[in-house]
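After this come two complexes, each holding chain A, first together with chain B and then together with chain C.
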Partner chain A sequence: MSALALKTHPPGMFELDFARHAASLPGAGLAWLDARRRVAIAAFGKTGLPTRRVEAWKYTDLANALEGDLEPVSHFGGAVDIANVFGSKPVDEVVLAHGLVRHIEVSGGLEVADLGLLDEKSPAWIRDNLGMLAASADQPLGAASLALMRGGVAVRVQGAQTLHLQFSNPALGHGAVSNSRVLIVVEQGASLRLLESHSGEPGRQRLANLGVELVLNANAKLEHIRLQSDDANALHVTTIGASLARDAEYRALFAAMGARLSRVDMNLKLASEGARATLHNIAVLNGGIADITTVMDHAAPHTTSRQLFKSVVGGDGRAVTQGRVAVRKGAVKSDSHQLFKALLLSPRAEADAKPELEIFADDVVCGHGTAIGALDADALFYLRARGIPEREAKGLLIRAFLAETMEGFADEAVQDALAARIDESLASLEQSES
Partner chain B sequence: MVAVRETTERVADIAGEKYKYGFVTDIEMERAERGLNEDVIRFISAKKGEPEWMLEWRLEAYRRWLQMTEPNWARVHYPKIDYQNIYYYAAPKSQKAGPQSLEDVDPKLLETYQKLGIPLSEQKMLAGVAVDAVFDSVSVATTFKAKLTEAGVIFCPMSEAVRDFPDLVKKYLGTVVPVTDNYFATLNSAVFSDGTFVYVPKGVRCPMELSTYFRINASDTGQFERTLIVADEGSYVSYLEGCTAPKRDQNQLHAAVVELVALDNAEIKYSTVQNWYPGDENGVGGIYNFVTKRGDCRGRGSKISWTQVETGSAITWKYPSCILRGDDSVGEFYSIAITNNYQQADTGTKMIHLGKNTRSRIVSKGISAGKAQNTYRGLVTVHPKAANARNHTQCDSLLIGGDCGAHTVPYIESRNPSAKIEHEATTSKISDDQLFYCRQRGIPQEEAVALIVNGFCRDVLQQLPMEFAVEAQKLVGISLEGSVG
Partner chain C sequence: MNMLEIDDLHVTVDGKEILKGITLSIPAGEVHAIMGPNGSGKSTLSYTLAGRDGYEVTGGHMYYNGEDLGALLPEQRAAKGVFLALQYPVEIPGVATLTFLKTALNAQRRARGETELDALRTLKLVRQKATALNINEDMLRRPLNAGFSGGEKKRLEILQMALFEPKLAILDETDSGLDIDALKLVAEGVNALRAPSRAMLVITHYQRLLSYIVPDRVHVLAKGRIVKSGGADLALELEESGYERVVEVA
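Here is the complex of A and B:
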């Protein structure tokens, strides 16, 4: 392990932060939280800031992308631009600036707490859950986000709810790193539509390091729509840990559209019979790296997972898709499928895929498929022969390529809003092509 | 009715077999001292009567090896190997004089070959196979030499090639698998005892299938073959490699290196059936097989095709690969890997697309039974200059029983927009419907499984030369014996 930690750059940024500020972090003095933070920083220390020598980070060199020391953000008093990226304004929303809660607006049915204000009066459901997921050594950045957590939000759901989490990253005068957490607990039989958006302004390099815990109790439903479109210089790592109890259902649509480096690192555990997970991912990028790395952990019999990842890559962008489906011993009748597709639109674009299967039970149906290539020349010719200009024809084909990922998610307003954002990204892609 | 009789015969064959090559031949051995140091390497080199440059090459490899660490990324687990507790050289004593014909060969050796079923004497016309049999580390008999010489094909033990064709060996040895390639290949470079050298001249289609049977015999003897096949412009050669080993409890290390070079428009077909001792039902004993195989499609329009049936060895660590350097070159990998009991296999391929219009195809079938672990690990990479590269990969895994594991770890990297890469993989168990269908027609459970598995493997079995295909089909059945309750 020591060989893995050799080239961390800058050396020990997170460990230094912990050494200096552990005593002043939110909730410091709460024995349970202090203990979890200590375990987490040790877990992070096993790899340090990952380089390509760490197998799970083979295609995404975070350590190398950092330009220098980043200062932790613990206060932010500046203006926050609240853009409603998902069309019609949802009733309940939480706005965060650099991972720190700026304002909370919720009605009944949702319990929401600011993780920047944890104290001994914090409710038991936070104490029971916070830091139990997305903080192990397998997810080093998630561990760091817990150890160094400056803020974030905890949500407990009863009944059927919709919530919008808006992450805004206004310009700062210095290189900055924000460490924050989100905890969502969906109680038995409850359901939540979670809209999550990340946007940012141009400026000095910053790393948004977010750890997300999703706890779905029996029969709970969570629909998770996430849109990340940030400045071309920004770094985003979101570590998600999810646990699904009996007959719980998780459906997610993620879209990554811009950042110098973005990574979603998800570990989803199908912990009990009948749990189902569907994860769709769209990446449209003109440069930089968009990485989605998942582990679907079939830990119980009769569990189902579906993954569909589609990437459109122009410029010198690089799409990374890594998915591991693990079926544990005894998890019979596990049913899993993953499909990764990438379109490469420029000579410098790159797509890397690693769809892994790790099966320890015999009565299972698991499969994966991967396809990487350019736009179909015949289809393009067909459209051009009917008088459709090249750029328009390409746009049509790309939209058609992405369309199936969005089917069935959220409502029309959200889908339209997403489609509009995709069109914007595609427009800039096409421009760089011609 | 013929079909019925054939089936009955096959069943009888299977029933009587298990590991039919598990016997030990008692022959006086000449050994190097146990362990590895520069003196042992000098001893091996001297035994072979090698020129100075070859010795230097070995020593350089040894010095590099000392600085390397054993790789641990594969999904295989085994007790730490004590490299100082292995004999690195063993030669049958009676070989000293160098047999000129079959009469000169130790009759005990001939007996061994007969048990193995090697077509060395009367069978040679029937099978049409030229055999360069390696008994432990030294080649003892070579047949069909005259016919091959007529065609200009060089087919001889590596030690002979070093002596007789030093320019060819120097030109190609280590150019596909460099001395420092990996831990096991470097070890091989230092201590390789023998192996096969093949050179097919320009425009020659090798008149027969070339074949070498490797056989590990002396207890505690690692076997380190080195094979180099060069197909010059416009030539074609098909090479068969088959392996058996006597049954015994001591783990035996095997670290071979195979290098293939295909020049412009040349084609090499390399087929392997590997059924070395896999250890017993409790995972005791068996061969450790750490092999580096790589082909270089160096010329335009060249083609290299790997076909392997891996049923033996306690541990298999093997990734026959193709470097598609020449424009329009083609690489193929067809594989069946069967693991039963406590066997572990981590095998797959690398297709490295460097040239324009290069094509590759991967078909991998993994079958896991008992408490075995079977991993496919593969890389397909398309470099920016490899315009219009094309790859299709299919890897399927079959699980028999709830205690085994099947894993797929493909790496797919594309850096050229005109390249097309497709990959598909499935994992499942034997279909209950298929099994029921067979059972209903009176086919016993075990045989039905063998039948279904053979069907599952058909795409790969079809790629084998005829002589191998028959043996391989039987092996599929034998390997899975006892896996169905």
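Here is the complex of A and C:
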């Protein structure tokens, strides 16, 4: 069956890109990869570019945000600004421009491969894993990122490692879309601190479409710190598929600021007993949409998930938080909690929160809570009555609101760097308020 | 000169007139007490003096050292020496008490054109004042008022008063919820600040506090008006006979 036969809508830029360029994409001719790309474009075709009519995208109309078809980026030779957003320069680092590897610097303990250079010599761990996650019809943009992958990076971790993935999006003279993938395989008992940053220069409309696969083998640990601070016109979708084996632990802190539309679309499977996941998300926005949509899939007994999402919204910004916790049959003693909080700083600011529970097992604990509101007037008065000027008092309260999301992640240098970024973003937000 | 002069003050909250013409003067160096039934407008008066949003002055004036208080933001009033110890101090999780004290102290100093104190100097100063009030280091490291007992919150208010050394201190029921020892500590803290250059307005329901902090004048507030004023003896009289008679007679 041809991929395009499933289509129910006229071919859009992704389908046309695939029809025209499949034969020249990286790794074309590798049977395993060709097959996965074909399945993926078919999966994407089931919804096409999501509009509000697709339930999971009802708050975030991607199709509507596009100003027109965007040209795929398959080459970029321009200058790349390398900024150490996480403070001190990490030893191991990969720099990507528009999703294409520019520079790899690793010292050992990590195997790193450029996905733009796949060939028959590519190692088995890539062949075994690439495209197995974050590419199904439930995650249509992830499927497109695999089908149309022009570049990206695959990483295999043994021992205890730290890696900085730096995505840089320099200005382009035309509207552009980058389709890229990240594959991280943390071997049994190994651990990785993954620092991931995305930054962009203002210019024509860009869509960064990234698919991320996280494979945690038994007893593996992954700490994932992610900072997305793209320019105000950018569109940014990151689809994450994660799978946690027995006693594996995933701890993540995501921060989104900037971008006209950003979405993290995560499906995390707690596949085996004792697997634990913690996801904290911070969104600071002055306009546009920041969306985090997650599925925590409790597929085995004694699995734990914790989610804490906090949004600070000014101007006419809109924060979207959707979290579905699914407890499968037999996944007894599953323990999950999700809490979504939003602080609205302007009358036009908006927050949409949608927690969902699907429970098919007995003896589970699943909690959730949602709180959306303005800054506490009592607290603001208290601080001002003690001499703290209004602007500073508001800043103090906003930072206090966000503080617990950062506790316990990474080291002080990373936390400070992240806090500094958040402060910058808050400063611009407050300015436009007063 | 009067440190505080309130002249026919009318205040409306959420469209409802709560203060209906208050006139009151406190000369520098004096301590005045306000007593009065629940809901009579005591806290409303204190919030209005501190400049809380939503407390709309619809008539009359408030002068502080001759300056129109109504024209100043709450933070400006604080920097100029007005301090309000709240009846219900606010819990702010996420802001460490010590950080808050340092931020507030330095904001006031900055506004007055004084040099800011570094972390070490602030800590020394805070510690010294805290010891006198029996506030331990652990409390200072915790988030501001979060999970503090009622009495601990009140003691922290007095610690702030000791730290900021205001010229006009308004204490809104700081004695409510204090045990006997804490009450003495708080009274000592207040008395230590009594000076010819300072004035205080002490809102209370109980004569007990006023036996430690002997006021120069006592005023009775009822239904948004001052219905009676007198010397320190008035508090004793009220304790004997209750408000009903006083309010009726007025």
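A few points about this structure:
Just so we're on the same page, the second predicted complex is superposed on the first by the 423 of 434 C-alpha atoms of A that agree within 3 Å, B and C clash if a C-alpha of one lies under 4 Å from a C-alpha of the other, contacts with A are read in each partner's own complex, and residues count from 1 in each chain.
FYI, contacts are C-beta pairs under 8 Å (C-beta built on N, C-alpha and C of every residue); 3 or more make two chains touch, one makes a residue touch a chain.
Values in this document were obtained by computation on a predicted structure and should not be read as measured data.
Greater residue coverage of chain A by touch, when chain B is weighed against chain C, goes to B.
Of the two partner chains placed around the shared chain by superposition, neither chain B nor chain C is touched by A:Q158. Of the two partner chains placed around the shared chain by superposition, neither chain B nor chain C is touched by A:N64.
Within the superposed three-chain model, A:P389 lies in touch with chain C and out of touch with chain B [touch as defined at top].
Legend: residue contacts after superposition of the two complexes on their common chain; A:D378 is shown touching chain C, with no touch to chain B. After overlaying the two complexes on the shared chain, residue contacts for A:S428 are found with neither chain B nor chain C.
When the two complexes are overlaid on their common chain A, residue A:R399 makes contact with chain C while staying clear of chain B. Look at A:N84: by the touch rule set out above, it reaches neither chain B nor chain C. Residue contacts after overlaying the shared chain place A:T278 against neither chain B nor chain C. For chain A in complex with chain C, the residues that touch the partner chain are 376-379, 381-390, 392-393, 396-397, 399-404. Residue ranges of chain B in contact with chain A, taken from their complex: 73, 384, 397, 399-429. Within the complex formed with chain B, the residues of chain A that make contact are 55, 329-330, 332, 342, 344-374.
Against chain A, in their complex, chain C makes its touches with residues 50-54, 73-75, 77-79, 84, 86, 89-90, 92-95, 100, 103-105, 107-108, 111, 143, 160, 164.
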